[in-house]
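The structure under discussion is supplied below as structure tokens; questions concerning it will follow.
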Amino acid sequence: MANKNITLVEVEKAVQVIMDTAFENEDYFSELDGLAGDGDFGNSLATGFQVIREQWDTLPRTNINAFLMKVAMLTTSHVGGSSGPIWGTAFMRAAIYSREKDDLNLTDIVNIFDSAIEGIMQRGGAQPGDKTLIDALIPTRNALAQVKSDAPDCWKRALKTASEAATQSIEDTKNLQAKRGRQCFTGERSIGTVDPGIVAVATIMNNMNKAFTQ
Amino acid sequence: MNKFFNDPNNFVPEMCEGLVMANPDTLKYVPEYNMIYRSDMPSNDKVAIVQGSGSGHEPAHIMAVGKGMLDAACPGNVFAAPPVDFCYECIKRMNGPKGVLYIVNNYQGDKMAWQMAEEMALAEGINVKGIMVDDDVSVKDSTHTIGRRGVAGNFFVIKAVGAASEQGADLDALVKLGNKVNSLVRTMGVALTSCTPPAKGSPIFQISDGEMEMGVGIHGEPGRRRDKMKAADEIIEELFNAVADDLPFQSGDRVALMVNGLGGTPISELYILYRKAAEMAKARGLTIIKNYVNEYCTSLEMAGASLTLLKLDDELEALLNAPAEIPIRVF
Amino acid sequence: MNKFFNDPNNFVPEMCEGLVMANPDTLKYVPEYNMIYRSDMPSNDKVAIVQGSGSGHEPAHIMAVGKGMLDAACPGNVFAAPPVDFCYECIKRMNGPKGVLYIVNNYQGDKMAWQMAEEMALAEGINVKGIMVDDDVSVKDSTHTIGRRGVAGNFFVIKAVGAASEQGADLDALVKLGNKVNSLVRTMGVALTSCTPPAKGSPIFQISDGEMEMGVGIHGEPGRRRDKMKAADEIIEELFNAVADDLPFQSGDRVALMVNGLGGTPISELYILYRKAAEMAKARGLTIIKNYVNEYCTSLEMAGASLTLLKLDDELEALLNAPAEIPIRVF
Amino acid sequence: MANKNITLVEVEKAVQVIMDTAFENEDYFSELDGLAGDGDFGNSLATGFQVIREQWDTLPRTNINAFLMKVAMLTTSHVGGSSGPIWGTAFMRAAIYSREKDDLNLTDIVNIFDSAIEGIMQRGGAQPGDKTLIDALIPTRNALAQVKSDAPDCWKRALKTASEAATQSIEDTKNLQAKRGRQCFTGERSIGTVDPGIVAVATIMNNMNKAFTQ
């Protein structure tokens, strides 16, 4: 795929990677959520995405927008806890951004990240530094933006850099105190534990990198 | 569980089917989205007014769909926010040249679903706006909300914007009006029993005979405190003072007063409550212009009641008196 | 006892006070006789229509007092027939040149009180006649009755004679009309829980979770049998067949269909019941011209429902459609 | 009082006799009712008449009709079991008969008995021979009617003959089977026991005889 714009085919593949990551890490993500949260995160994602997997063949494929809009709706409606509307919002913002577009370049992807981050913040009220997946998405977005201005066509470099940034965010946020989601109820207990949403973003970015560049 | 239902998973759809079978000329039903709508909608002449929250609060909101009230409702399952695609489809299908107003009670799930649906619809060029209802003075934040909950006062918001929309008001005017009503309406409720969602099969919370949950939420969320049961007049005193002190309502104010049954309390008791509420209104110098003693926003078969006060001005009084026709009727 | 009341002995008077406070322009109240009456009565222009039975069945009958329905009601205590002087005073005070029609549900206590009051009033030269309602197909004789009981079908008798009286019909015509409606209306009910009169403080009969009393009377009297709880559709099948086979209702008949809640069952469930009832009507070739899904004749907070069928002709259809205004309202 | 018509004063006194009989025999009447019925008869009468005693001074005394009508209403409303409407009907028929009359002669009393008996039969559906107080009232009425045609002015003879007839009815009906009231539920058990309503009528007639002739 290197150097050309991504189309519906790649978008489908990206969604597949996100879902597979959730299926493969269901227990692990829930375990992480159990340390300071309520332990439902992995299960919520896997249960909701399972509905998408079942309807996969019948999802609308007229264009990127229609496909992602349906994914957004299913995610919002079937993923439990805070994650449904948060992840659904991300897909939805991506869908809305893609209206009338048949393909997306790296600039588009950065814009989608911006729109998704804004949407998630609006939806759940989290600020950067509240120890949520926002704190993984922002460095990821910044890494992509950096590549975009340095080497706008290089998807390979973009994915590698982005996955490194996402992974780094796990450690960078470990000693923060959670301010949103179930985690925030346990107060200081969240200090020193990794945030499951951040780990999930990092794992997804790593799997994206593998899936699209190897 | 002493309830009438078949497969618990069909509770909401079968209720919707029954409702539409009972009102074949005025209502239509889209099963995929639990959507009940006026058969003469969408329309070129009016802003569409829509709402959808959890089911189990009937007559809110599917049975409030009709001329002068809601144009459509798309409830979720019992006590579950409608999925975002219900809201989105509801907006899309009701949209006409004058746009769509959605009303949402302040519950996290409902709010998120509607706001996402709004974003999606906006992206498609639909002229849609929302108003949020948060009339419950019982608690500031609660299990399912940031800020106050939206409960029975919702009826007055619907009635006002429904009437104004029928008279041709545009979307911005309706948003302003809805927010005005919400700013003037206050409610608090009390539960004497719990209730049982059919699919759950067990009560949503535990309460003993002789106890009450003062300030309960309409999904049985905790209120201000658990207390032992008291005389009707004492209970109304607490509800009335909490509600009236909050705005605050002041001597000389004209008001609408609602005593709303939560589903399992018979209307005989609601009038006993109304009696004391009307006395208290008088003692405070409030003039009751209109009263509402019935079920408006329930929690399945929960025994209990809520009291709502709305401060009136000429505009609101006229809107409350405007004609409306919904499935909830006697004749 | 999870009910709203103050002194249990004031349950009925306080309910009446509340009702009149909520309807100050249209209703008046005579406390000595629990009498609620239209403030524009007595009248020179119409036969007065009155009823009084035990309280606890609200909205029957005090909340059915209004233009086009009852002119007065004088209930007894909860589940207790009105004393004869209530009935006598009610007849006397409502009497005008066109006389008085009383409607009595077939319960021994009610019947005796009204018949004695009738004798007394006749002796004073008052033109008074009565009609008896006995629509309940469940049992022939019962704890409190010789012959069938009178239950929710009563609403249709009131509606028809109320409308006809408003149109100027004379007493004999109203007796004939009332008896005609009674001959064409059939009801059967089912209880899922018991209920507790405030002054008694304990349930009037025992029933376990998961049980139902098929054919229950409106004071919890035994019906046809105690059975284990069944699916809503199965219950309606039994009620519908019992009611429809009794007249019998026949293919081609036009009907009014009522699903009446007994007080503790929320309206969501009533529409689930209506759904199946409407299907069964269709399968039998009955055309539902009008439907009634709400509470009309209750047993305090009892969970349960009854199903009523009324066979219509042009005369009855017109009377059901005639305007009427009573305290039970939404707006 | 002999030989003159009775007025409101005597009517009041007669009602007083009926009530006193009930108070004095409360336990006895209930006991009799307990043999084949439900044992509430004496208590029902006493409880109801107690309400009249409490309101005695405020009962309307404009004429016989008004006085008896109020007694009828209070009896109907406050005497329990079948007895409320049955005894209330008797008082009511007497009241209605007395409309526009300031005094009553023996013929009037016979007519009142006829009207009361008819009213009771209408109200409760009992026939003569069903072993109810009807079967005491009819012989009592017949005795009064006999005196009326023999010696229309002789109240003394009328009361004596009537009380004898009422007393006789106790034994005459003993071996009947009860067909009305709670008694009828016990079926053949009522055969051989005296009917409490009949005993009550006889006791009242005896007390009337004493009160008015001694």
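Letters A, B, C and D mark the chains as written, and numbering starts fresh at 1 in each.
Here is the rule we go by: contacts are C-beta pairs under 8 Å (C-beta built on N, C-alpha and C of every residue); 3 or more make two chains touch, one makes a residue touch a chain.
Every value quoted in this text rests on a predicted model; they were computed, and no experiment measured them.
As a whole-number value, the distance joining the C-alpha centres of chain B and chain D reads 62 Å. Note on chain placement: the centre of chain B and the centre of chain C lie 29 Å apart, centres being C-alpha means. Averaging C-alpha coordinates per chain places the centre of chain A 93 Å away from that of chain D. Arrangement of the chains shown, judged by which pairs touch: a linear chain-to-chain path with two open ends.
Shown are all chain pairs that touch, namely A-B, B-C, C-D. Those residues of chain B lying in contact with chain C across their complex are 1-6, 11, 14-19, 21-22, 55-56, 58-59, 63, 159, 192-193, 209-210, 212, 229, 231-233, 235, 263-275, 278, 291-296, 298, 300-301, 303, 305, 320, 324, 326-331.
Contact residues of chain D toward chain C in the complex are 69, 72-73, 76-77, 85, 88-89, 92-93, 95-96, 99, 119, 122-123, 125. Looking at the complex, you find that chain B touches chain A at residues 83-85, 88, 112-113, 115-116, 119-120, 123-124, 146.
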